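To keep things simple, chains are lettered A, B, C and D as they appear, and every chain counts its residues starting from 1.
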Amino acid sequence: MHHTIQVQELVFKYPDGTRALDGVSFHIAPGEKVALVGPNGAGKSTLILHLNGILQGEGTVCVADIPVVEKNFARVRAAVGLVFQDPDDQLFSPTVFDDVAFGPIYQGLDEQQVRARVEHALHAVHMQDYARRVSHHLSVGQKKRISIATVLSMQPEILVLDEPTAGLDPRGRRDLIRLLRELPQTMLIATHDLHMVQELLPRTIVMDGGRVVADGRTSEILNDDALLNAHGLEKP
Amino acid sequence: MHHTIQVQELVFKYPDGTRALDGVSFHIAPGEKVALVGPNGAGKSTLILHLNGILQGEGTVCVADIPVVEKNFARVRAAVGLVFQDPDDQLFSPTVFDDVAFGPIYQGLDEQQVRARVEHALHAVHMQDYARRVSHHLSVGQKKRISIATVLSMQPEILVLDEPTAGLDPRGRRDLIRLLRELPQTMLIATHDLHMVQELLPRTIVMDGGRVVADGRTSEILNDDALLNAHGLEKP
Amino acid sequence: MLSAPLSPPLMHIPDGFLSILVSVVLWIATIGIVAVSLQRVNRDLGERQVPLMGVLAAAIFAGQMLNFPVAGGTSGHLLGAALATILLGPYAAVLVMACVIGVQGLLFQDGGLLAMGANIFNMGIVGVVVTHFLYRTLRNLGSGKRWTIFVGGFASAWLGVVTASLITALELAISGTTAANIAIPAMGGVHVLIGFGEALITVGALAFLYFTRPDLLKIGEAKPAGRAVWLAGLVIALAIAVASPLASSFPDGLEWVAEQQGFLNNAHNAPYQIIPDYVFPGIGNAALATIVAGVIGTLVVGGVAFALAYARRNRSVVSN
Amino acid sequence: MHVHFLDPFHNGTSLIHRLDPRVKLVFTLAYIVTASLLPFGAWAAYVLLLAIVLSVELASELGIGYVLRRALLATPFVLAAVPLIFTVPGTLLFTFSLGAWTFTASLEGVERLLSIAFKSWVSVQMAIVLAATTSFPNLLMAMRGIGIPRLLVAIVGLMWRYIFVLVDQALRLLRARAARSGATPEMGRRVGGSIVWRAQTTGGMAGNLLMRGFERGDRIYAAMAARGYDGEVRAFPLPQVPLTQWFGLGAAIFLFALILLFSILIVG
């Protein structure tokens, strides 16, 4: 299967009239790790919510070669693992186990398979001892890891993360970057953390005002002072 | 009046037994701008909440020469403007105007004075056109500015800010630093942003484990690698 | 510091205060109404209901911690039934309130378990139905103008609280655990005041939402209420009609009663004089039974204590 | 800031902690029903009930002091039953007058008041033990086990999860308000604003919480949808209750029935 993301001429207006996406197009190849950067309100989160059909705008979105339209939602959501910025939005079940098992249960796996998936996912984020813990009594960094486990357990081909390092202290951030480097999936990461972009993600897409204003090699983009200044960014 | 902060042998335990402050003493002279740094859980926020009596521990705290004890709370809170880390914690009224007017109305000013105060405070943060907007629907950086206006309108002699740059995009952060530099008040700023400390604040207090472990010129402290490493900090 | 009470001092009835008949009847009524509400909410809200109901129930729970000082050391609190009804419509509001009251009882013993049916009925269902009834009527009378949101919100929040308190007192009286002619006016009286706090906060919340998210105020209006709600409203209105003449004659409250009673105790030492004269109420044949029970009880508790001590010693031996 | 005080669960490994949550829930309900059904003044039965709850407290290793302290929370409601002293007819104890009123206390009234207080006291203790020895996820399981609809259980589960988030938020809003409630007295003004303004501000905070609730509800829905949620609540089947615990529960209910029967026979 082709773990690609294709977005073409995507336009989206919020009900109150805010034109959050204004003709966005790009293409991500299998296995690529891509950063999505831009100032507050650029439309990054809005774009991400289109990648598995939570929002639907005009234009076409294809994920893993499946068009993101109503009848494909189940398949699309199995293919794309979405991690939201705030782990409190992501972890809604009473225990860590329930949360990580949620996706596999909805995929219709039987109990034994679900347990195996959960164990594997928690292992990947080094949280295997926390299955019985209650999600809200964990630290922010731990919640972040569990959030990632909740999508890993669905074994998606593509990972989409919204500001994964926000709110982590330096050590927690470093652990997370290491974890993301180990994972083999195609990745799209929206972030303000340009240091992480520099270290982890070879390609960068810059958005502003609902449009893609630059797309290219991270090393080039982060050295283009004029571009960075024009879009509220700063050299790391 | 003397816009000082004096803290002597302050000890505080949370109800669950956590000893968050373990004998903290320092003295800030009028007009000084001081950084408060240290790893997660060092006790920075806890200390700040003592400066206007929201928490009360053993030891003495004097602010603008007023002892922070129950009967002085109203005066202390008029003298110290506290800005919390998350602007969503700071803004609780429907419109920006209502929020900035809360302090002055509480102080018992008449309508005209309140209006003048609000206008002046919004002007200081360059948000004079936003008075009628809904606080909740602004960008993070704009909310941060409004948060600061809510305390400026009370005309405090001392500003205490908890992690003011967290969650801002690079441009928002730069604007905020410029604003803080312009303000004449005595300032104590708790932060993880050592770049800002370097630029803005000539003096630094380092906390760890509920104690002050260093207090001196920022330039010296930020060059003391042994100290920084020992307390989970990194040279900017 | 912010030592907030887990819930406002309201009418959460603990176990032991309602007769089994009243408890069971109200449990059955509550289960029926909650079941109908579940079905309706399922139909109207679809798959969004679980997250939305859950988080809003948590928000109402948390909102009950918000208070503001009123004169004389008391404070105004939020109960939330009116707000939930106006925002969500009656069915979803019943669910949200049932969850809030259920969790308060189950986790914090704020209200009993056997009495939970009654508590959900009083604070959830009665509060919701009365609010809905009055709010819709006022909105229609004012032909949906903006100010009717606030006037309707104020009046219905106030009436919701007062009615719920009267119904609570009525149930206690029917159970034989209080005297109707004192409890009903006392509960009603204090909640006439508490109701103002509720009403003011409700209007403040509505104003906030009107400014920030006016679309939210329309969710509750989307569906016209079914006949069931109007019928329930009628029944409750009748109950008020019966109870209110009593209520108006005695403007005191539960807290007032509390203070006065403390005062009475101190002034007259009343309860303490009883014991010396009469050793223990029900002396006679029952006394023997009590002694026997006491002996058995001591043996049971002592046995458990001994068994535990023994088990623990064994455990520590093993772990060594 | 983190609100731990909200979670009444005390981790432990005692016998009571290890019981199946459904057994505990049914046992607690049976106990409370028994207490409610006992006639007024059945002191022998009350003592037995007290012995049972004290034994359970001992076995739970929570510490009797902890339970008794928490049980006091429910006492203010006893005031509702105080008028009984004066309204239940029976043997005259004493009279006194207060202003225009004369109060006449009766022995039967006092007995009834004490009975109600006692029943309520032991019931609340048992409920405290249940909440303190059963983690909430297990209580949810027990709720499913006794037939509460899955949908409702799911809503309660989510509610519990977000109580911590939103109570934290509420406390922070209160803190923000306190921080800006400052005034300098020498100006000689009336400080604090009017009551209506205060209430409006508080209302704004409540509205704020609700709005965040709505917005968070939307985001959680998105998170659930992203993991395949389609409106149906799914979960693993419940595990079996061990046979010994079934027997234990049966024996306990039988004992309750005996206590009830005898006290009704003796006291009437």
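Definition applied: a residue touches a chain if its C-beta (ideal position, glycine included) is under 8 Å from a C-beta of that chain, and two chains touch if they have at least 3 such contacts.
What you see is a predicted model; the values in this text were computed from it and never measured.
Peer 1: Quick check: more C-beta contact pairs at C-D or at B-C?
Peer 2: C-D
Peer 1: If you fit subunit A onto subunit B using only Cα atoms, how far does it have to rotate, to the nearest 5°?
Peer 2: Fitting subunit A to subunit B on C-alpha atoms yields 175 degrees.
Peer 1: What is the distance, in whole Å, between the centres of subunit C and subunit D, each centre taken as the mean of its C-alpha atoms?
Peer 2: Here subunit C and subunit D have centroids separated by 12 Å.
Peer 1: Determine the centre-to-centre distance between subunit A and subunit C, using the mean Cα coordinates as centres, and give it in whole Å.
Peer 2: Averaging C-alpha atoms per chain gives centres 44 Å apart.
Peer 1: Report the inter-chain centroid distance for subunit A and subunit B in whole angstrom, where each centroid is the mean of the CA atoms.
Peer 2: 34
Peer 1: Please work out the Cα centroid separation of subunit B and subunit C, and write it as a whole number of Å.
Peer 2: 41
Peer 1: What parts of subunit D, by residue number, touch at least two of the other chains?
Peer 2: 4, 136, 157-158, 160-162, 165, 169, 173, 175, 178, 201, 204-205, 207-208, 211-212, 216, 220, 224-225, 229-230
Peer 1: At least two other chains touched by the same residue of subunit B: list those residues.
Peer 2: Residues 49, 54, 93-94, 136.
Peer 1: Pull out every residue in subunit C that's touching 2 or more other chains.
Peer 2: 51, 54, 207-208, 212
Peer 1: Quick check on the complex: what are the subunit C residues that touch subunit D?
Peer 2: The contact residues of subunit C facing subunit D are 2, 4, 6, 9, 12-20, 23, 34-35, 38, 42, 46-63, 65-71, 76, 78, 83, 87, 95, 98-100, 102-103, 105-110, 112-114, 172, 176-179, 181-183, 187, 197, 200-209, 212-213, 216, 254, 257-258, 261, 264, 268, 270-271, 273-274, 278, 280-282, 285-286, 289-290, 292-294, 296-298, 300-301, 303-305, 308.
Peer 1: Could you list, by residue number, the parts of subunit A that touch subunit B in their complex?
Peer 2: My answer: residues 39-41, 166-167, 169-171, 192, 232-234.
Peer 1: Note which residues of subunit A are touching subunit D in the complex, please.
Peer 2: 49, 52, 54, 73-74, 77-78, 80-82, 84, 86, 88-95, 98, 102-103, 105-107, 111, 114, 134-137, 150-151, 154
Peer 1: Can you list the subunit D residues touching subunit A in their complex?
Peer 2: Per the stated touch rule, the residues are 4, 7, 135-137, 140, 157-158, 160-162, 164-165, 216, 219-220, 222-230, 234-236.
Peer 1: Which of the residues in subunit D end up touching subunit C in this complex?
Peer 2: 6, 8, 28-29, 32-33, 35-37, 41-48, 50-52, 54-55, 58-59, 61, 70-71, 73-74, 76-77, 79-87, 93-94, 96, 98, 105, 107, 110-112, 114, 116-121, 123-124, 127-128, 131, 136, 139, 149, 151-152, 154-163, 165-167, 169-171, 173-175, 178, 195-196, 198-214, 216-218, 220-221, 224-225, 229-231, 233, 266-267
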